[in-house]
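Listed next: structures, encoded as structure tokens.
There are two complexes below, and they share chain A, which is joined by chain B in the first and by chain C in the second.
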Partner chain A sequence: MWYPIADHHDVIPRHTARTSLHGQELVVWRADDGNVNVWENRCLHRGVRLSIGVNDGAELVCRYHAWRYANRSGGCTYIPAHPRDAPARTAACSTFPVAERHGLVWSTLAGGDDASEPPSIEQLGNDAFVLRARPVRAPADVVLGLLEELNWAPFGSDDTADAAVERTRVPGGVAAVASERGVEERIIFFVQPVDSSRCVVRPVRSGEPTDSVAALRHHATILADVVERAERIQSARPAAPTAETPVAIPTAPPRPERLRVRIERKWATAEKIAAFDLVEADGGNLPTFLPGDHIDLHLPNGLIRQYSITNGPGETAHYRIGVKRDPASTGGSAYLHDRAKTGDVLKISAPRNRFALRRNVPSTILIAGGIGITPILAMAQALDRAGLDVAVHSFVSSEGEVAFRDVLDRLGPVVHRYVGLDPDGTAGVLKHVLTSPDPGVQVAACGPPPMLDAIQTIADAAGWDEDAVSFEYFQTGDIDRSSSFTVELARSARTVKVTAGTSVLDAIRAEGLDLDSSCERGACGTCALPVLDGEVDHHDVFLSPAERAAGATILTCVSRAASNRLVLDL
Partner chain B sequence: MITLHDYVLSANCYKVRLLLAQLNLKFESVDVDFHPGREHKGAAFRRLNPMGHIPVLVDEDFVIRDAHAILIYLARRYDDGATWYPIDDAHRLGSTAQWMNFADATASTLSAARLVVNLGYDLDLDAARTGGHETLRVLDEHLWFGEREGRAWLVDGDRPTLGDLTVFPDVVLAEEGEIDLLDYPAVRRWLDRVKQWPRFVVMPGVFPFGTG
Partner chain C sequence: MSVAAWSLNTSDRCTNPAILNRWHPVAPSHAVEAGESHFTVLLGVEIVCRLNPAGEPEVRLRRDPATCVPAIVDYGCVWVCLGEPTEALFTIEEAGEPDRRIVHAGTIGVNVSAPRAVENFLDMAHFPYVHTGILGVEPYTDVNDYQVHVDPVTNDVWATDCEFWQPMAATTSTTGQMTDYLYRVPHPFNVILYKTTPVDAQRMDVIALFCQPVGPDRIIAHPFLCLLDDENTTASIRAFQLRIFAQDKPILENQLPKCLPLDPRAERPIRADRAAITYRRWLSDLGVTYGVIPA
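Let's turn to the complex of A and B:
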């Protein structure tokens, strides 16, 4: 059952409103994109009320330990006490359905298909005028009973005479028309059950009268009398047991392995770069993303490609990705450029992250090569919004290759653009940018492998701590697959022969064993396995130099054995 | 040189600190051991204020007690535009005094409940809460209609007055006395507006607006 729980005055920008429905306390807040959120008023962490938190326009930030929750999905996006770890993907506030109608904000505690939308009240038409809501310390049924007998003089009439009032019950309230000597006034009194002993009367009038404040005062006086009578009735009643009916809070839906999305918009954001807005195919919320996240796109031709989410915090209505046409495309970017069109439905993975962005360092240097700007955009916007110092160094081959110019323009002077530099020129800029290592600065870079290699070399030479610099590769070079060797799978008690031209992953799967993989280019880490014995010939770009040297992990899609035999924990 | 005999958890001392900040005045805070030491009832403090109350303000050799009296003194002495205590406008001055008196009603209700809950005072908690809700209803209605009529503050005009400044502390701390503000959405919006004053200062239990 849907009830109005607030009106449009209550959900002003950057405010957190508080209310309750059937004993379930709610926080209600409007994000800067206009979306209204209705959530359980409780931080996942210490249970403190989120309504004392901060609505920053994109996320709601808990006042206690600054856990951040995203607009729409309620997913936790950042836990300051664990800056190196992304929050668990399942950590999300309980969210409730929300709709705005007749100037009111509606919600329901029922999950699923019980009621897919609030009632539309025909009598109100399109020009509903919200009167002042009144909280009442009496249960909804007492107040509804009084409203069903309510007489009042319509605003603008001689209020001493008796008016004729007709009343009917409607879902969640009483609809009434008062008329007197040709003056007619139609009002629906909705009643929000706050808990078993309290409610809020939310009257809405059909049409805004000329002297609106006088009308509001007229009706406030009428309603004050109802409130007084209801509270008198309630206080004369024997004390009722105070136990509330337990409310079943809808739990967050399990995170789907594959999501269906629809291409809402496709456009050319730069030369050879197509941008896509992807929305949930059935109109639901998309899973929460973190800055630096990517999604796997499962194309109808069977290919799987990874693309970074470019969105800023709170931009949760769609995922925006940028796809560069690869001249050597085997059907991935070519398909998306030439065949994919608005309205198409695609399968994607839930967002993943291997590019954790810390927000406990005061300053961040972001470096992007070409289309590598895509995850950098999400990170730059998140840091900027958090009030942290950020600089974006974007390298492009020509002005025409500048993608998502609107976002870059919005970020303003923190963006430095370098056009058409050769590798030496690029290295010169990078040396300048990375001159002085600083414990208060982190570096994150995304771009083609030669550029990232250059950054690694320059950062090492300048003395940057390995932990302070992170990379996102978007393509890898050719891999030498000429070796052959044996892989022992310790827990499965199998021995697998890996021949020239096949990968460890292929060989394991040929043996009938299941192993998840995603990019199959050594970039995402999905197919990683622990190494128990043997020496690894690393070809991935996922592991850090230290992890590679330790040799305790192998990315089975690309890496091979440097010894004759590898023992893996599978 | 201004000296404030002060207690960090006192809403009345907070009023004075709020105005000193708004007027950009430097001052020295002398901590009075109000709880549990009851220093304000001791002989030494009573030489400064025979009533045994905080706050007391000393400006050079002028000694003045009682929060609202201190505020009127500071506003008259240091607020050149007379915005906080608008003596040049009879209606606004009267309304300002009216809301300062309203702050006395919140002190005997909202603040009393907080003293019971936080400091274990022996006062009638039920009466304090019932009375607290009555004052909050009046305040919410006034502020709700203010929003409709283009009035952001308790008194007509573009600028807040000592009316807002004196009512704010007890209301923002009401939930410490377990008086729930759930039913007063217009009050919660006004608290947000006060917190956005340019030189707003906090006290324990009062959060700034935004991540501040």
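Let's turn to the complex of A and C:
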């Protein structure tokens, strides 16, 4: 069942609103692209209300530790305490369906088919005028009962004596028409059930009145009387115990390995470079992406190609990618250039990252060679949004090959473009850019391998810290996942191979076995399993030193084997 | 603080031995030294504190004035036990050093459970965002890995090797510095921090947060300082500490639920929360059920 939970005045840009529906506290905020988000009003980390956070237009930032949550998906995109670690892909706020109608923001706690659409009230037409909402310390049924008997004089009539009022129940409220001596006024009184003992009346008038201030005052007085009567009825009732909403234990939702996307738009962004906007094929939200993420595109001809997501923070309605035609294409870029067209459905992987963009240094130098600009665009926009200094050095072979010019123009003077340089010329510029290593500066680069090699050589020679320079092909992170080993699952009588780059948890799940997890960062203990044999290489922070030494437990999301073989009790 | 400000609820009463049998702070000692009676609430029970003519603390139940409950004075506070005091109050050795400044920084009512306040005190990651420009500043937001253990003898939780970049760590600071921290939790509702002082490289300032559990989900906080600081006035030391606490208070009062959930899956811990992870497990092991949502 859909209910109005806010009106359009509550969701102004760069603000947050707090509301409740059936005891579920919600935060409501509008991103700069116009999308309204309705989420559970709790940061995943420590339960702080997100409504006291900061709406930066693209993401909602928690006031406590500045965890950032993306427009639409509610996915966590950055955890400043660990700038080098990508947040777990399962970390996302609970989101609720949202729609704007009749000047109100609607939502529902129910999922599934029941939740498809809010009611459309015909009587209101298209020029709804939202009257002042009134919170009431009485349950919705009491207030609805009073509204069904409400008499009022339509605004603009002189006499309040004998107005004729007709009322009917509509989904979520009461529709009423008052008429007197030819003056007619139509109002729908929607009622938002806040919890078992409170509600909010949200009246909407059909048509803007001639004198809107006078009309607001007129109706505020009428409603004040309803509120007073409702609260009198409620206070005569025995007090119901008010209980704190129990904490729901969230379980990590399954993360789709593949998803279907539709090509919403395809265009030539530069010579030999085609751009694509990909939307979720069924109209849902796309998984959260991080700056620098890429997706695997599974082409109908069986080929798999990786492309970086160029979007800035909050641009979550689609993934925008750029595809350069490779003259030696064996059917990947050639297929996308020649055959893929708007409306086609493709399979892609969920977004992934080779290294997380850290934001713990004041300044960042981004270097892009040719089509390598794509991940750099996402990074530059994220850093710019975070208020950090960024310089983009973009190398292209000709002016016609400058892709995504609109984004570069928006970034403005921080973008330095170099056209048609030979390798020596490029090296000269790079030497200049990387002249003086600085602990307050990091460098990230994406481009063809010879260029990345040159950057590496130049940075080493100039004395840059190895840690300060990241490359798109680099793998970093705190956990060394390079080992491979076998895990025997004693009770399931199965042997699982854990290869480099995958976790024990992933490997067990890939085998079709079920294992609960929550944080997937070695901090909550949910995915722990007893160890029957073998030596554990612990990477978690959950177990005590004594428990680590005993080696009888492994946190399967991060820890690995120190021996060739582990035997687990599963 | 007036007792009338707290609406008493019988469900605030504590039956949990792990809490009931411990000492809890109920007043700054200077509040009773003037010979006045001090009314307050502890674990849902109204109490009256004063010093008797011999100068000893005397604490009675307001609804049953004939009953005296065990009370002591230490670390700038009157401490009370409403059950059977099974062990002595923890010790803070630095408080006995002659050159230390001992300051009770104020009593602050906070609408949150004691364990939430303790966890906030154990947390470094919020410094750049909540104590901006003082205890932290962007973009220096990293929490480097640190060590946590439970002392096998005293059963205190310790977090060691903690460090954080701070622009103005104390009233005596003139520049930013990498500040070293040690945290110690000797009691479910009390927490002590030892931090680098700009004054003496060999010794550390001691700052404690004593939480008086008024009910399971509200406290009166008593910040206690034991500093190496000859320069600043007591008023300015208090003002600094209150300024920090005033920044924490709106965060604490917007945490949902107010009681601390002990199930590790209820919230989403990260590596920086290692101290809190151990603290929650430790509370479970101690059998604490008051102020928490047991796992």
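Assume the second predicted complex is superposed on the first by the 459 of 570 C-alpha atoms of A that agree within 3 Å, B and C clash if a C-alpha of one lies under 4 Å from a C-alpha of the other, contacts with A are read in each partner's own complex, and residues count from 1 in each chain.
The definition used in the following text is that a residue touches a chain if its C-beta (ideal position, glycine included) is under 8 Å from a C-beta of that chain, and two chains touch if they have at least 3 such contacts.
The structure displayed is predicted, hence computed values, not measured ones.
By the touch criterion defined above, A:Gly400 reaches neither chain B nor chain C. Counting residues of chain A touched by each partner, chain B versus chain C, the larger count belongs to C. Using the contact criterion defined above for the overlaid structures, shared-chain residue A:Arg63 touches chain B and also reaches chain C.
Shared-chain residue A:Pro530: touches no atom of chain B or chain C. In the superposition on chain A, contact of A:Gly425 is made with neither chain B nor chain C. Contacts of A:Ile52 after superposition: both chain B and chain C are touched. Shared-chain residue A:Pro171: touches no atom of chain B or chain C. Contacts of A:His9 after superposition on the shared chain: chain B is touched, whereas chain C is not.
Overlap of the chain B and chain C contact sets on chain A: residues 25, 52, 63, 66.
Of all residues in chain A, only 6, 9-10, 12, 14-15, 17-20, 25, 52, 54, 56, 61, 63, 66, 132, 135, 194, 198, 200, 212-213, 216-217, 220, 387 touch chain B in the complex they form.
By the touch criterion stated above, chain A contacts chain C in their complex at residues 25, 41-42, 44-49, 52, 63-66, 79-83, 85, 88, 91, 244-245, 247, 249-251, 359-362, 388, 518-519, 521-526, 541-542, 544-545. Contact residues on chain B toward chain A in their complex (touch as defined above): 141, 144-145, 147-149, 181-183, 185, 188-189, 192, 207, 210-211.
Of all residues in chain C, only 119, 125-126, 128-130, 138-143, 145, 149-150, 250-251, 254-259, 261, 263-274, 277-278, 281, 293 touch chain A in the complex they form.
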